[in-house]
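The chains carry the letters A, B, C, D and E, assigned in the order they are written, with residues numbered from 1 in each.
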Amino acid sequence: MSMNEEKKEYRPLIVAFCCNWCSYAGADLAGSSRLSYPADVKIIRVPCSGRVNPMFILRAFERGADGVIICGCHPGDCHYSTGNYYARRRMALLFSMLEYIGVENGRTRVEWCSAAEGAKFSKTMNEFCEKIQSLGENVRLGDLRCKN
Amino acid sequence: MQKIGVFVCHCGTNIAATVDVKKVVELVRYEPGVVFADDYMYMCSEAGQEKIIEAIKEYGLTGLVICSCSPRMHEKTFRACAEKAGLNPYMVEVANIREQCSWIHKDREEATKKAVILARAAIAKVNLNTPLKEGESPVTKRALVIGGGIAGIQTALDIADAGYQVDIVEKEPSIGGRMSQFDKTFPTLDCASCILTPKMVEVNQHPNITLYTYSEVEKVSGYVGNFDVDIRKKARSVDFDKCTGCGECSTKCPLGKIGKIPSEFDRGLKNRPAIYMPFAQAVPAVPVIDRENCTYFKTGKCGVCAKICPSKAVDYEQKDEIVTVKYGAIVVATGFDIINLDKFGEYAYNESPDVITSIELERLMNAAGPTGGHLERMSDHKQPKDIVFIQCVGSRCDSEEKGKPYCSKVCCMYTAKHAMLIKDHWPDTNITVFYIDVRTPGKNFDEFYRRAVEQYHVNYIKGQVGKVKPQPDGSLMVQAADLLDGKQINMKADMVVLAAAVEPNPGVRKIATMLTASIDNNNFLTEAHAKLRPVESPTAGIFLSGMAQGPKDIPETVSQAGAAAVKVIGLLAKDKLKTNPCTAQCDTLLCNGCSTCANVCPYGAITYDDVQVMDHGLRETRRVAQVNLALCQGCGACTSACPSGAMDLQGFSNRQITTEVDAICR
Amino acid sequence: MANVEKQVQLIKDISGSDPYKCMRCGKCSASCPSYNEMDIKPHQFASYIIRGDIDELVESKAAWKCLSCFACIERCPRDVQPGKLVDAARQIVERQREGDYLQPDEIPALLDPETPQQLLVSAFRRYRR
Amino acid sequence: MYSISKNNLDSLYQAIAGSYDLFMPIKTAGQTNYGFWKDGDEGDIDTLKTVRSGKDAFFPQVEQLYKVSREFIPADVASGEDAEKAADTALRTKLNITPGKLVDQDFVIFGMRPCDVRAIEVMDNVFLADPVDSYYRSRREHGIVVALACHEPEESCFCTIFGVDPADPSKAKADVATWLVGDRLYWKPISEKGEALTAKISSVFEDAADAESKVEEEKAYIENIAKQLPNAELSLEGWGAGKTDERFDSKVWDKVYKGCLGCGTCTFVCPTCQCYDIKDYTTKDGIQRYRCWDSCMYSDFTLMAGGQNRQTQLQRFRQRFMHKLVYYPTNNDGMFMCVGCGRCVEKCPQSLNIVKVIKAFANEKEVSADV
Amino acid sequence: MQELIDRLKELIADGTIVRAIGWKKGDMPYNPEPAYFTEAEDFDDFVYDGFCGANLSKMMIEAGKLEGKTAVCLKPCDTYSFNQLIREHRVNRENTYIIGVGCRGKLDIEKARKAGIKGIKSISGVEIEGDGDVVFDTIYGEKKMAYKDLMLDRCHVCKGKEHVIYDELIGQSQDTDDADRFEEVRKIEAMTPDERFAYFKTELSKCIRCNACRNVCPACSCRKCVFDNTKFDSQQKANVDSFEEKMFHIIRAFHVAGRCTDCGECSRVCPEGIPLHLFNRKFIKDIDDFYGEFQAGKDPEAQSPLTDFTFEDLEPKDAVGRGDK
C-alpha cells in the first residue's frame, strides 16, 4: 500500500491553444456547465487557431509538454473567416512530419470546437488526456535541460 | 522590469470552494515581477476594483494579473479599472481560474495547483506586455438589412425613422417574407396581411429606405463602421421605372394557363406564370420573369408579355447588376423555412396530397390562397371532416439527419389557432391534436390554447403519432397511442397537418461566412452573449433580427427587430469608433518583403512599400510589409505565415505566447 | 441495491441507449403492433429502467410480446429506442439462465416449423454486426 | 614500442575504456566524428579526416558553465521553523548557484592526427594564458593524447608548411605516438602520462620484433607522399606577425570573399577556431548558463546592443583569415592559427578556403610585380 | 564552355550587362567557386564543368541591388529557385540577365572519396559536353569512375532539363533522371515509429549547427533567420544531442514548405552528409498527396499551398497514421 502511495502517478502535461472566439468560449461553456476534464490541461488563449505558429507547438514539447492540442472554430466558422483553414493545412503538414520523424501519433491534435460545444470541449479534453496518459511521457521531443 | 500586482478573486465560493485562494496568493508572490498579491471576495465589485486602484497607486504597479472568471466576462471591467488608476488598460491580463479551473475540477489540491500555473502564465505574459493605444476609424452612416420579412422590415423602419439611411436586400421578388403567407396571427387572430401590408408599403415609400428586391449579397469586406458590400441585383427582365404593376403580362403569359410552374408563395399548391408577382400585395409591385421556365428564354420564341405590356416595360436584355455600397452596420434577418420532410416517411407526406404542412394549411385557409380560402383536400377537393394535427414533426428530435434538437416554439400556438379557425368556419369538423407537450408560455397564450379545448372542443391527445397510412378509400389511417388513457388508437382522418420543425433559411450559412459571423450547430446565428448581448453577433457591426437567431413568434421577432435597430442606431450615431489595438505589426528590419503574410490576410490589411531602413549601420531601401491598423482585426494569420518572425501581434506576441508556454511547462 | 444498479448499467451497455433521453412522446407506443398485448407499454420501458424496476420489466408479459419489428427503434425521435431496451432486458434473462450463445451453423438443426419467423429475423438483425 | 593487430583494436578500445573515458573517431551514419566510445560503437581510425576535429576533447561545442535556480519555501512550510521567515516572502526566496562540473578523471583521446595535436598547442596559447580557463585546463590536465600518423595524406593536406610532421607523431606534443601499418598498430608512449596509460593496458599488446623497422618504413612512405601533395610548397610569405597593415586594406579581399555564404562550416570543422558565445537557457526554475562555439562568419557574431563591429561579409571573412594568419601570429611569437588539416578545403559549401586565400594574395603579388 | 565565356564577354562589351555570376576555377580540379566576373581577364578563370553544382540563383538577391544588369548562369533546376525568389520579391528580374546553361548532371567529390580515391592531382572527363568516364590522376595512380556513379544524388531524381525562366540558353543537356524522387521518403514512412525516430536521431546527432544548409538554401532567404532572432526568443546557436536539431530542421523545412523547389543544395553542402532533403521532400510529398501536385518555382504566379486552402481540405487527424493498418 505504502509503495503505491510513494510511487507518483504519472500525470501528463497538456497545452491547449484555444481560439478566443469559439474554442476558448467553448471551454468557458464547459466550465459553466461543470463538465469536468483533467486539470492536466492548461489553456492558452490565442485570437485564432491561425495564430498558432508551429514553433509554439515544438516549444511546448521542448519544454516538457506531453501533448499539445489546438482548438479552433469549425471550418467555415472562423471569426476571421479563413484563419482555421490555414491552420488546418499547417497542422496537417506538421503532424505528418512529426509522425515521420518517429514521434508517436496522438501527441498532437486539432479539434474544431464551437462556442456552443462545451460538452464536446470537455469530451475532447478527456479523450486527449486519456490518449496522452496511454502514450506516457514525451521523451522524443523534450529538451533534457528542461527536466532539471 | 514590471511591477506586477496579482489579485485573486474568490468569486464568492465559485472559486474559493475548490481553489485555495490564499495559497495562490502566497505562491504567486514570488514570481518574477510580482510586487503585490492579494485576494478578495468579489474582485469585480466596486470594492474589489477600489482595492485594485489603491494597490496600483500605492505600489506603483505597472501590470495587473487578475485571477478570476473568464476574460470574456470581465476583462473589459478590469481594463477600465486599470485605466481609472492611470494604468494602460492593456497592461492587464486575466487568469481564468473559474470556468477553466474551479468549475471543472473537484480536487482542491489539484485545482489550486492549476490555478497557480495559470496565474504564473499570466504573470509571465504581463512581464512582456506593452501599453497599447486604441486607434480610431470613421463610421459610414448607412445600414444594411439582409432579409425583407417582418424582422427586416421592422428593423429597417426603426433605423430609417431615426434618420439613418437603410437598405434592404431581399432575394425574393417581393418583401414580406413568411408572414405574408400567413392567414391569421395568434393569439389575437389578426389578419396577417392586414397588419403587414401597411408596413411593406411604408418601407417602399420611406425616404430613408432603399429596397433591393430580387437581389442577393455577393461579397462583404471591411469591418465595423466600414463594410463594403457587393449586392447582386438579379435581372428582373422588367424595367422598374416603366412598369405600372398592372399585371396584364401575368394574366397573358401562356405558361400561366398550362400551369406547370408551382408557385413558391403558395407552397406549390397552385401554379403561376413565368412572368409573375408572388402575390397581389407584393412590394414592389413589379413582376419578374422566371428565366429558367420562361419559353422566350428557353427557346427564343413567345415574347407575349413584351408585346402586350402597355408601358413597354418588359426587357429581355436586362442583365444582373452588381452595386457596391458602403455600410456602417449590417443586420441579418434572413428568417426561416420549415425542414424537409423526406425523412419522415411514416407520416406519408410525400405519399398523400392530403398530408400537408402547417404553412400549406395557412395558404389553404387564406382568402387569397389557392382555394380562395375554402378548406379542401388537395386530392379530391372535398372538405375534410376529420382533421388530425401532429405536433413536433422533426422538432425535439435527437437524430441529426432527421430533425432538429430544439423546440420550434411556434407550433403549439399556431396549431391551436388553426384548430379554432377551422372550427369557426366549419363547426362540424372533428379536430384531433396529437401532442407531446403543449407549450404556451407567453402573454395570453395558455388562455388561447385552453379556449381551443374548452370552447371549441378540440381533442388534444398526448402521444406522438406513429404512422399515417393512406387508405384505398382515400382516407388516412392515423396510428397513435393515448398515453394518458393507455390506449392505442387507430383513427381515420381526411386530412393530416404536420407541424414541421422550423430551421434557419438555408442561405444563412453562406451569408454568415461572408460576414464572419458565427453560427451554431443548427445554423442559427450566434449572439455575442446569450443574455447580455442577444441581438449582436460576436463580429462587431453585425446584428441579429428574427428567426435567423433562433425560433420565435411574431411579437418576439418584432421586439428583437426593434432592439437590433436600436443597437444599429447607437453605432451609427457615433462619428468615430475605437479600434482594437491588438493589431499586427511588422518589424521592418526583419521583413523580407516576400508577401507571404499579405497572401493570408483576410482583410487585405497588408501592403508593401519601399522604405529606407537603417540596419545596424547599413542604410538600404527595402520592400517591407505595412499594416493598415484600421483594417487589421488582429487574427494573427500573418504572424504564423511569416518565416522570419517579422510579423508580430500586439497583445499576443510571439514572445508572450512562448513565455506562457514556458510558464505552463515549468 | 447494488445489483439493481448493475442491471441498469447492463441494460444501458447492451442496448447502447440512454433511457434518460426519453421525453415520453409515445411514438413507440403509437407504432407498436403488440401494444394491446403488453402490460407495460413501450413508452414506459424507459421509466422502468430509470426507476430500477428491472425485475418487473423482465417478468412482464411485454418483454416477451415485443416482436422486435424495430418500428419504435426506427421512429424514436430521441434515439432511446425502446425496442433495444426491452431486448436488453430479455438478454439479461438469457444470461441469467447461463444459456450459451449459438453458433450460426448450429441453428438450422434447431429450426422447427413452430419457430416464429420474427424471432429468427430479429436474431439475425441483432447479430449482423 | 608495442604493437597490436588491427583485428584486435576493439580489445584495445575495451581495455582503455575499462579504466578511462575513451574519446576517439567513431563512425555513425556514414561519417566519422570523435565521440566517447562504448561497446558496439564502430571505432574508425582508417578515415584520415574526421569531419569535426578532435578539439571537442578539450573545448566541446557546448559546455555548461553554471546553473542558477530559484527556490521558494511556502509560508506554511516555513512557519514550522521560523515565524519571522514565514511572514517575509523575500526571506523565503533563495537563489542557488551551481557551477558546472570540472573534469577530474583522466581520459584518453585516441587517434588524433599530428595536425590536430598541433592545434591543441594553438588553443593552449589562448585558454591557458592568463586568465586561465578552468574548464579547459581541467580537461587538458586529465586528457591523455594518443596521436596517430597519417598513413596516406590527401591532396587537401598542407600541414607540412606549418612544420607539422604527418609521418612522426612522436614529434607532436602527444602522450603516445602510434602508426597504423598494414594490419598492425604500433604504439609508442612518449610521455609520463603515456607510459602510465600503456602500463595499465599493456596486456593487450603483443610482441613485435620488427616494430622499429616497420615504423621507419612507414615514416619514409608518408614523407614521400607528403612531398608530392599539391600544396606541399605553399608559401606563407607576406603572412605572419606584424603584417596587419600590409594585408588589411588589400583589394584582394574584395574578390575572394564573394562566394562566402556566411555559414559556420569552416569554423566548426576547424581544429584551431576557439571563439565561443555564452548564453542562458531558461529551465524549470532558473537558467543554465552555457557556452557554445560561435563563428566569426555568422552575421550575428559579437552582436551587441549597439550593433556589430563587422557589418559586411567581407569584413567577417577578412577577420577569420587575418586572425589565423596575422593577428594570432602577432600575439603568439609567429605561430600560425592554422595547422593545415585541410578540413575547410574539403567542407566549404562554396569551395572557398584558407589555401585559396593564401594563393589569391600570392597571385596578386605576381600581378603587381609584373606591372 | 567557350561559347558561354564568349557570349558573356560579348554581353559585357555591348553594355547589356555589367557583370556576370558564374564559377571560377578552383585550386583543385574539383572545387570551383561561385564568383563575379567583370573584366575580360576575369574570364580566364571562368569554368563550367561537372563540379559546378552550386545554385547561383540566391546570389542574385545581393547582385540585384547593384548598379546595372547582372548575368547569372543558371542550370535548369536553379531556374525554379529563381522563379520562387521572384515570387517572393527577393530578386530584381529587371536587373537580371539569365543565361540558362546546359547540364548533364553535377558531380559529388565525396562519392570519389567514398570510393577510396584520394591524393587527386587532376581530373578529366568532367567537361560539360562528353560522355566518357571520369579519370582521376592521383598520387596513388590513375582511378576511373563512371560519370553517373559520381553524380550528386539529387541529379538522379532531376526535375527535368527544361529551364523555366531564362533570357537565353547556351549548351546542351542530358537527362539524368533515373530514380524515384520519393523512394527514400517512402522507405522511411514504411519503418516503425521507433525505427524512424532512431534513424533521424542518428542522422541529426551529427548536425554541428554550422547553418550551411540554411545559408545556401535559396528558399531560406530571410534577412535574419528566426533562429538568429532575439525577438522571438527562438535564437539558437548551440547543438545539443536532444531536441534543438530537430526543432531547427523541422522548422526550417516547415518554413520552406511549399516554397522549396527540391534543389538539393542543403544535402549537397552538409559537412556531415545528413540527408536534409528528406525533410523537404516529405513536405513536398505530403503537399502533393494532400492538396494536389505542386512544384514550387514552376509558375511564379501560383499560390503556395500553405497560403492557400480549400473548404474540403484534409483534417490534421487524417494526415497521420495513413501507413497504419
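Note that a contact is a pair of C-beta atoms (placed from the backbone, for glycine too) under 8 Å apart; a residue touches a chain by one contact, two chains touch by 3 or more.
Small disclaimer: the values here were computed from a predicted structure and weren't measured.
Touching chain C and chain D together: B.
Least step count on the touch graph, chain D to chain E: 1.
Averaging Cα atoms per chain gives one point for each, and the point farthest from that of chain E is the centre of C.
Chain A has its Cα centroid nearest to the centroid of all protein Cα atoms in the structure. Centroid distances built from C-alpha atoms place D farthest away from chain B. Counted by C-beta pairs in contact, the busier of B-C and B-D is B-C. One simple way to say how far apart two chains are is to compare their mean CA positions; for chain A and chain D this gives 44 Å. Separation between the centroids of chain B and chain E, computed from CA atoms only, is 53 Å. Annotation: 41 Å between the Cα-based centres of chain A and chain C. Chain E has its Cα centroid 69 Å from the Cα centroid of chain C. Within chain B, contacts with two or more other chains are made by residues 600, 641, 654, 658, 662, 666. Shown for chain E are the residues in touch with two or more other chains, namely 224, 226, 232, 234, 240, 306-308. Multi-chain contact residues of chain A, defined as those touching 2 or more other chains: 54-55, 59, 76, 82, 86, 90, 145-146.
Those residues of chain A that touch chain E in the shared complex are 54-55, 58-59, 61-62, 75-76, 82, 85-86, 88-105, 108-110, 140-145. Partner chain A is touched in their complex by these residues of chain E: 188-189, 193-201, 226, 232, 234, 240, 242-244, 246-247, 250-251, 253-254, 257, 279, 282-283, 286-287, 290-291, 305-309, 311, 313-321, 324.
Those residues of chain E that touch chain D in the complex are listed here as 26-28, 31-36, 54, 59, 118-121, 138-140, 202-203, 205-206, 208-212, 214-216, 224, 228, 235, 237-240, 265, 268-269, 271-274. Those residues of chain B that touch chain C in the complex are listed here as 346, 392, 396-399, 402-403, 436-437, 462-467, 479-481, 483, 486, 488-489. For chain D in complex with chain B, the touching residues are 70, 72, 74-76, 89, 92-93, 282, 284-285, 307-308, 311-312.
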